[in-house]
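You will see chain A twice below: alongside chain B first, and alongside chain C after that.
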Partner chain A sequence: MTVLPYAVAVWLLLVGLYGVVTSRHLVHLVVCLAVVQSSTYVLLLAVGYRSGALPPVFAGEPAHIRAVDPVVQALTLTDVVVEAAVTALLLAIVVQIHKRFGTLDPDRLQRLRR
Partner chain B sequence: MAALLGWALAGLPAFGSPRASLGILIDHLGPSVRHATDMVAVVNFDARGIDTLAEEFILLAAATGVAELLRRARGEESGPAVDQRSEFGPDPGSEALRRVGPALVGFTVLLGLYIVAHGHLSPGGGFQGGVVLASAVILVYLVARYADLRRAAPLPAFELAEAAGAAGFVVVGLAALAGGSAFLANVLPLGTAGQLPSAGTIPVLNLAVGVEVAGGITVVVAEFLEQTIVLRQRVRGRR
Partner chain C sequence: MSLLGPLAVATALLGAAAALSLSVLRPPRIVLDALATSCAAVVLGLTTSLLVASGRGPVISWFGGWLPRRGIALGVDFAVDPLGAGMAALAAALTLAALVFIWRALDHAHGLLHALLLVFLAAMVGLALTGDLFDLFVFFELMSVCAYALTAFRIEDQGPLQGALVFAVTNTVGAFLVLTGIALLYGRTGTLNLVQLGMTLHRHPHPEGLVVVAFASIAAGLLVKAGVAPFHFWVADAETVAPTPVCALFSGVLAPLGLYALARITWTVFLPALGPRASIITWPLLAMGTASVVIGSLMCWWQRNLKRQLAFSTVAHSGLILLGVALLRPVGLAGAAVYLLGYGLIKGSLFLSVGALMHRFGGRVDEDALCGQGRGLRGLGVLTALGGLGLAGLPPFAAFVGKSMIDRGANGPALVLVAAAAVLGSVVTGATVLRVAARVYLGLGRQPTGAVHRHGSRRPGEAEPEGRSGPVPLTMLVPVGGLLLAAAVAGVAAPVRSGAARAAAAVAQPVAMAQLVLDGRPMTAPAITVAAPDAADWVLGLGSAAAAVALAGAGLAAAAPTRARGSRRLRNGLRSLHSGHPGDYVTWIVVGTAALGGVLGLGLR
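What follows is the complex of A and B.
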């Protein structure tokens, strides 16, 4: 049993969270959030993988061949769409923050509010 | 949190032998019931059709939200379009880009249409092809000037495309309701699996999604471009 795909998913999750926590720039923070979410793509695809199986595209092959799980692949597609939507909205908010406060450093933003 | 993560990892199936049986069921039913060859498309537009409709509306809502957040604020006015790329050199874009770019635009549009049209046959579909189509518009921006782009590709046309795509998906779903079956059930002849006009409504839904995604992504990108190129702050920000 190999655990490498799961290890990659966990590593992406942790390295993204580390970036979010230590971020000094809001655009950097949004990108780190995208890294966190990309760990879910790896996890979803890894969960559906079947050893030695073909992709779930049957062009001429008999229908009874072993194929990987198409459900999680469709879920990954949804995941990507959600990520694109979230990133676009967050970046729009970042643009407005920069307009209002003139800075993108989370620490300086906190100081401005007081 | 580390404990929760460890607990979740312990529950995962061994890599290479998934426990879920739904995917196997789809793999067996898809080719015979829907005459499609791409099972991911069957999941997206048949088994999870309503979820995909919601997914489409997520994108619609996000594009609307970006447009709303980036609307013209007080104290801002649209100046003449100043392309900030010109700050980096005498002319925007490299020689290679200006020569190869226009040829690439046609190729990119063709590739996007191909991916949208073959979504039920091979990996691809409306979401993937729509993004490729939107990237063709961005390519036009890279090789031309911003003002040319606005004239060649007016933003309202893309907003309209976005709304029409989303509406098209709903119309296909309602057509099934009008015929007396469930929402988004197939209403078109299934055809021969593997041929371009096959799989019933799946290619139509792919087309609707493709138009919606291409419009939505273009609107989002255009809103961000407008921020940097057209809008200028009347009062210069305090340092």
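What follows is the complex of A and C.
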């Protein structure tokens, strides 16, 4: 086991959050959210990874083969699906904001609403 | 019996699909309304029977026949106890009330709104009933996505767009935090079943940093949804602009569900994991709960927009419920559950009464602009005032009973803190409602100047349909009154109190509960009895209600908003924190999560 994937997950989480916090453009902000989300993919896959193990396909194989954990892969896949819905919805809202406010800068948006 | 839970979720989902496919045919509106309303009524019936059934012991259903083998969970389950079933029934009741309400409101509503509300209901019911941590996350996200879409329902207006953006960004960050915590727990234990997680972690006698990090990120993510300070900033932005019947759901059940999930995970997973060190999570949670009560109450009192007032009272009351959970004692948990039930029903009723005002006056929900406008609407005025008194803790509403039980769960310095916060939160938020009721329905207090009257302080894009005359439609009055009646009945009925106490006692035995769910070994939860509220509680309840009336009177008598410099500086400071900027709000989430994790880490050393 190596700490590298965990370090990558933490890095993605932090850099994504930094992007969300400092973003000056809403599309950029949504993409930064996707970066934060990628950290959860990496973390989940790292949790279930076993070095030197086979893919978790047991058809025709002896039952005792070393395989990576299939559960986390299912979780990651579900995560992808869930977050695809969130990202699509957010981007739809952003498109509509551009139509109604004429800007995508959160700072200017805030002033317009005051 | 074990089919009831899955059936409730499936009914709502199928109803949503039916509403959506019907809407393609452009049927008369009444068809969609009838379909959605009857669907919600069926879900309410199913969840109520589930509540009754679960009183005799947890109702467990394993999906696809994947039963646990030798005490190890293989599949995914619904493990329903009275707390979960009650939460699901509350969600169904409020959704039913909101669906009846929109019969005559929201003229542009077509199948989409009905479908969204039903999927929202399915997700809330699933979240309340599930016994699996990852399923909980999926239902949580399904619920959130529906909520974002519902907030932005009037997509042509500026306000809803901005509110939905802030709501979606902050809550998505919260969801990632929850998922990170789930991944860490799975990595440590290799299971996702809630009771199995608790059992497995319980076998490691020494809690480690990983458990604390997992708790901090899961708790922070759920507290974002619950609207607890410093994660609460989105609440006011979203609940001011979403369609009002939807706000009733957000305030009455969406935010409480965040607290429900936190309580469930804390008691089932983290208390067994932390063992004797469990008390380290009490004070951070108490601090956040108290901060929410203070900030929510003050901001609620200072607002003039009726919906924004109610939104900040959500923050205050979420803090109050968190106090009951944070005490980590069964009586406190039972009190929080009863309080949550009473609060959710009253708050739903209050939001719907604001919705009826908006229906009547075309979106002007500014206190000054509406001053004296509601003189003809006696019924609505009486119900609003009753709701305000209920929020302030007037017996016999369930909020009063819950508060007295929470107080019984505390002792020492915690008791002083909890009792003071409970009085502050309920008196101030109740007084705000009473002040508004007196101004709108009786025309008391400061009269608006002409300028305010003409323009209101309506922000662009907050308009609902134009005003109209005539009495308030019965389809609006009945949900408003019905929810209040339910809150009063829940306060009077002894089974609510004793049932919550029994359920909390069972939740407080996570290892025995795990053996029951996984091995079918019967458990005997020690009976905890909670006495009915005694004379002191009644005095406190009546006193809070009287204090709320007095405070409302003082607010009416003040000629203009207070001019004291200190208070103005505090008010401006607090207001500027609620900037509506997603970056600011996410910063608060990051800071809050880091602080929570840091404090817990220090406590563990």
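The rule is simple: the second predicted complex is superposed on the first by the 111 of 114 C-alpha atoms of A that agree within 3 Å, B and C clash if a C-alpha of one lies under 4 Å from a C-alpha of the other, contacts with A are read in each partner's own complex, and residues count from 1 in each chain.
FYI, contacts are C-beta pairs under 8 Å (C-beta built on N, C-alpha and C of every residue); 3 or more make two chains touch, one makes a residue touch a chain.
Keep in mind that this is a model prediction, so the values were computed, not measured.
In the superposition on chain A, A:Gly102 makes contact with chain B only, while chain C stays out of contact range.
Contacts of A:Val21 after superposition on the shared chain: chain C is touched, whereas chain B is not.
Look at A:Thr78: by the touch rule set out above, it reaches both chain B and chain C.
Once the two complexes are laid over each other on the shared chain, residue contacts for A:Thr2 go to chain B alone; chain C is not touched. Contacts of A:Val57 after superposition on the shared chain: chain B is touched, whereas chain C is not. In the superposition on chain A, A:Val47 contacts both chain B and chain C.
Residue contacts after overlaying the shared chain place A:Leu89 against chain B and chain C alike. Of the two partner chains placed by the overlay, only chain C lies in contact with A:Leu33; chain B stays clear of it.
In the superposition on chain A, chain A positions 13, 47-48, 69, 71-72, 78, 82, 85-86, 89, 93, 96 are in contact with chain B in one complex as well as with chain C in the other. Interface residues of chain B, counted against chain A in their complex, comprise 5, 9, 12-18, 20, 22-24, 26-28, 30-32, 37-40, 42-44, 47-48, 51-52, 55, 58-59, 61-63, 65-66, 69-70, 73, 121-123, 127, 194, 217, 220, 223-224, 227, 233, 237-239. Contacts from chain A toward chain B in the complex involve residues 1-6, 10, 13, 46-51, 55-60, 63-64, 67-74, 77-78, 80-82, 84-86, 88-89, 91-93, 95-96, 99, 102.
On the side of chain C, the complex with chain A involves touching residues 134, 138, 141-142, 144-145, 148-149, 152, 155-159, 161-162, 164-165, 168-169, 172-173, 175-176, 179-180, 183-184, 186-187, 190, 192, 459, 461, 579-583, 586-587, 590. The part of chain A that touches chain C in the complex is made up of residues 13, 17, 20-23, 26, 29, 33, 36-37, 39-40, 43-44, 47-48, 69, 71-72, 75, 78-79, 82-83, 85-86, 89-90, 93-94, 96-97, 100-101, 106-107, 109-110, 112-113.
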